[in-house]
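Going in written order, the chains are labelled A, B, C and D, and every chain counts its residues from 1.
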Amino acid sequence: MINSVLETVIQQVRPLARQGRVATYIPELGKQDPDLLGIAMASVQGEVWTAGDWDRKFTMQSISKVVSLGLAMVEIGEERVFSRVGVDPTADPFNSIMRLEMVAPHRPQNPLINAGAIVTLSLLPHGEARERFEAVRDLARRLTGSQDLNLDEAVYLSEKETSDRNRSLAYFMRSVGVLEGDIEDILDSYFMQCSLSVNARDLAVMGATLASGGVNPFTGERVLPSKVCRVLRALMATCGLYDGSGEFAVRVGVPAKSGVGGGIVASVPMRYGIGVFGPALDPKGNSLGGIAMLEKLSQELSLRVL
Amino acid sequence: MINSVLETVIQQVRPLARQGRVATYIPELGKQDPDLLGIAMASVQGEVWTAGDWDRKFTMQSISKVVSLGLAMVEIGEERVFSRVGVDPTADPFNSIMRLEMVAPHRPQNPLINAGAIVTLSLLPHGEARERFEAVRDLARRLTGSQDLNLDEAVYLSEKETSDRNRSLAYFMRSVGVLEGDIEDILDSYFMQCSLSVNARDLAVMGATLASGGVNPFTGERVLPSKVCRVLRALMATCGLYDGSGEFAVRVGVPAKSGVGGGIVASVPMRYGIGVFGPALDPKGNSLGGIAMLEKLSQELSLRVL
Amino acid sequence: MINSVLETVIQQVRPLARQGRVATYIPELGKQDPDLLGIAMASVQGEVWTAGDWDRKFTMQSISKVVSLGLAMVEIGEERVFSRVGVDPTADPFNSIMRLEMVAPHRPQNPLINAGAIVTLSLLPHGEARERFEAVRDLARRLTGSQDLNLDEAVYLSEKETSDRNRSLAYFMRSVGVLEGDIEDILDSYFMQCSLSVNARDLAVMGATLASGGVNPFTGERVLPSKVCRVLRALMATCGLYDGSGEFAVRVGVPAKSGVGGGIVASVPMRYGIGVFGPALDPKGNSLGGIAMLEKLSQELSLRVL
Amino acid sequence: MINSVLETVIQQVRPLARQGRVATYIPELGKQDPDLLGIAMASVQGEVWTAGDWDRKFTMQSISKVVSLGLAMVEIGEERVFSRVGVDPTADPFNSIMRLEMVAPHRPQNPLINAGAIVTLSLLPHGEARERFEAVRDLARRLTGSQDLNLDEAVYLSEKETSDRNRSLAYFMRSVGVLEGDIEDILDSYFMQCSLSVNARDLAVMGATLASGGVNPFTGERVLPSKVCRVLRALMATCGLYDGSGEFAVRVGVPAKSGVGGGIVASVPMRYGIGVFGPALDPKGNSLGGIAMLEKLSQELSLRVL
């Protein structure tokens, strides 16, 4: 039954999804086919359903911020992380620098905007970019249960070349003392984690792992403490879709995190994880078709928690 | 059993609650006893539990914004309301004017900050301040099931005299075209709705009505359409505690709305409404003891939805 | 000779001046004939030259801020004035409220933007709006040597009705403690001083009085101390044309103050005062023809001091 | 006579000057002796007077922005420069990034703040950092008439290492399209020009050259067109001391430009150039003793032009 719901959802959403536009500020992302649409859903009991282009690979982009934040909370503790990064939703766009200057103590508002994610990464107790990335990648593999999670080299290099705004954010934060260390090295690991390649099914399993309180329903491994999952879900619910988070809460009503690669991971506590993929974005940088699919699915299966 | 949980929660929270400070910018609010603590919980099946100073009256303040927003959605439609007010969470304080100037089209970010609530009120199709207020009060009575919901004249007059910031917001909004009509009259109804007097039990029933999808479990009346309740709960979850909304989502994880009178209404979809009262506030203007009680109760009874 | 220079300047500027637009945010100002152009020049030795519509009356608008600031410095002392208002040029538009919120201690940047002028007026030790206004008007009469300086009732009433932004500024400033007193009364005197009616010759004499260090070259009266004139000229040079002050310094290079009524007063220290009038404004609210006339005159007669 | 005025001025200012603090954000600057005070004055007729530590070398820092702006106007034309950089005074600190984000089209307000100076440098039609720097250095040599103007290597390396804020500004500007080219190379030439070593006498001659309309009174060479000097003096008058420009206009009333190395160059049109040096700064980054010396000198010799 759920399989046919997923199929229907894709059909209904397709005309709308075409009105979005693929991200172009990272040239490599601009090459994606805007017509792709995929969806997968996984239960905390270990069932999984898929439809459309669910097995197409795309890069996690901002979805990876959930992974590195989870890692940081485990490795250095919730308290230390949130002494450096806030938990406030924000109406600023994802790459805003203004508020960092304006509001002392110049702390990024939350770990799901770029500034906050970069600070979070910098706190990881690993030597260099590659090690930091591998720690994030390993956690991502455990959350998704997929060993086949790798760096998309082309996207990584493309990001690295066109990341003036992120460089500006990082240098600014170091100038006001909120970020320490080797900027290029920290950014390098940030670009790598953004370039981790997944498919919609991977995201569905990751969402289900977060929904279950940290146990991957497919591998049975406890991947994260349930307390960490609660924090991640709360931040996803309030800040997960940049300045589109409020509208998403109204329309869909479940914790989720989007990325400009076109993916969104959603997590319905104690019930389901969902992964959607549609590279054509709305003006706020969220998958246009992805949001629409989640909205329909939320109605159809009564997934709202809000 | 729940009664004893409520009692315990109050005992545990009391020492912390004393560290807060009553609101002083409205002189009349400054007269409240900072040691008061009350809590009430109501189920969507029509049960109710209470503890502490649950029957002390206090003014709704910003909690009334939920009522007037619900009224506006019913009377003029969700679409018209949200063409004038956004649904974006914001990291600005509740009375910020800056973003209104900075970001065209100068629309308030959401209906739960002061600017947004004033615009929402102005959209109601009622003649004058008193009528507008009475429509809000009547909806509040139906949501709480209490006929004993009246204006606290002393607080109302105190607010009216010390409302420079709200006047500034309103005149600013009219100057940029986002607000129309007689400013003093609109503000008058705003001060009146803020001065509606309730107790914790009233808020618990109101929360339960929102939780049930709009049917008051005690009177059996359908007070609001379920779609309106979904919007209200989503906005409460993302913007309900001003710039403390993110932290509240992490710590408590349920939709809620606070007021500087010391009250908080929480709504656990399909399960419970909770009303808490503690006039000593944290620096963001939320009840210090109220948040702590909700956090403990959320853990104790597994109320989190996020 | 100078008379013919003035005539030539008007002829040359006329085609450009027509591209401006009369102020419309005050309805009464919108009724002005955009084709009017007048100019007058007065020397500190007591000579005067005129051309074009030099005897057409218009309202001082922001030019009156120079008068009330001079008055405040005389009546309560430079130090007290500048403990409440800064002397910083600003790149914000004349009616910006943002910076007031953003930058503690919420002091207006300088006395020539609206917020600063309103605070300055509030500091005058006079009982009520009418008295405050009459003190400003009397100083204006002495600066211009004209007894025929009166309130334009129509403009005054029009301003009073359409002053949402100024009301917003004033209430905001009172809410943060930078402004005290009866807001409506203070604003009333502000609207009155803005509505003082002058002609280009009046402004030329006023400019010459400031240029001479405070002695009106026509009446021989010492109207202001030379130290006060120095402060006024310095503020005119850096902040006199709102966010067009920098460009004006480059193009014209003399201290000046503009008003949205279409007038500009310029003051060439030790040499001349100049009054220009052209109600068609540029996008920053300065007289398009007025600036162009001053630029040509500055070149022709080597008036630059910068 | 003027020599004794200069000596007196130094004596009078010494106690105040000691209350300032040397710049510390560039470590090498922090090593300066805060008690140094030097002054020099040069007339457009080719006279020169000196007192105190007038021959101590210090780095130009922001004073070099005047040189590179002059160079850019000569090499690519005033129009092209000001299509990329504004001429607006600003109340923001010298290294502010906020306004760049906030106000489309994201153009730096003026060429004398860091962002504007970096853009100006990037427009120079020279191949690489070293060539760009040498062109600026050569113009500085001709303005000062000193062949002994060289790079202070220690300061240059220190700046290069501690320039997070400037890097942030530059990457931000490239991300919004206002800056093009190789960021590290552009910044390198910026750090080099800031590290040009001069003494107070050099600045006095530079000021006299600008005052004369571009002819160096000592070498007799026409170094800059008079039109370019007019623009430079106008910008110095309105934006020359960062957010202290307004107060400087009130207190001193002559065009001037400061640098965090402790120097200030002033230019009294048609009359004098003045160079002052005092490395102890006020909170806005301007030489505390330097401003005080210029204020006293301006009074003593009636130098005000405003």
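Following the convention adopted for this analysis, a residue touches a chain if its C-beta (ideal position, glycine included) is under 8 Å from a C-beta of that chain, and two chains touch if they have at least 3 such contacts.
These numbers were taken from a predicted model, which means no experiment stands behind them.
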So what's the Cα centroid distance for chain A and chain D, whole Å? 47
If you average the CA atoms of chain C and of chain D, how far apart do the two points sit, in angstrom? 32
Any idea how many Å lie between the Cα centroids of chain B and chain D? 55
For chain D, jot down the residues that touch at least 2 other chains. 102
Testing understanding: with touching defined as stated, what is the shape of the graph linking the protein chains, line, ring, star, complete or other? ring
If we use the touch criterion from the header, which chain pairs count as touching? A-B, A-D, B-C, C-D
Show which residues of chain A lie in contact with chain D when the two form their complex. 96-98, 101-102, 164-165, 167-172, 174-175, 183
Write out the stretch or stretches of chain C touching chain D in their complex. 86-92, 99, 109-110, 230-231, 233-235, 237-239, 243, 245-247, 249-250, 253, 255, 269, 304-306
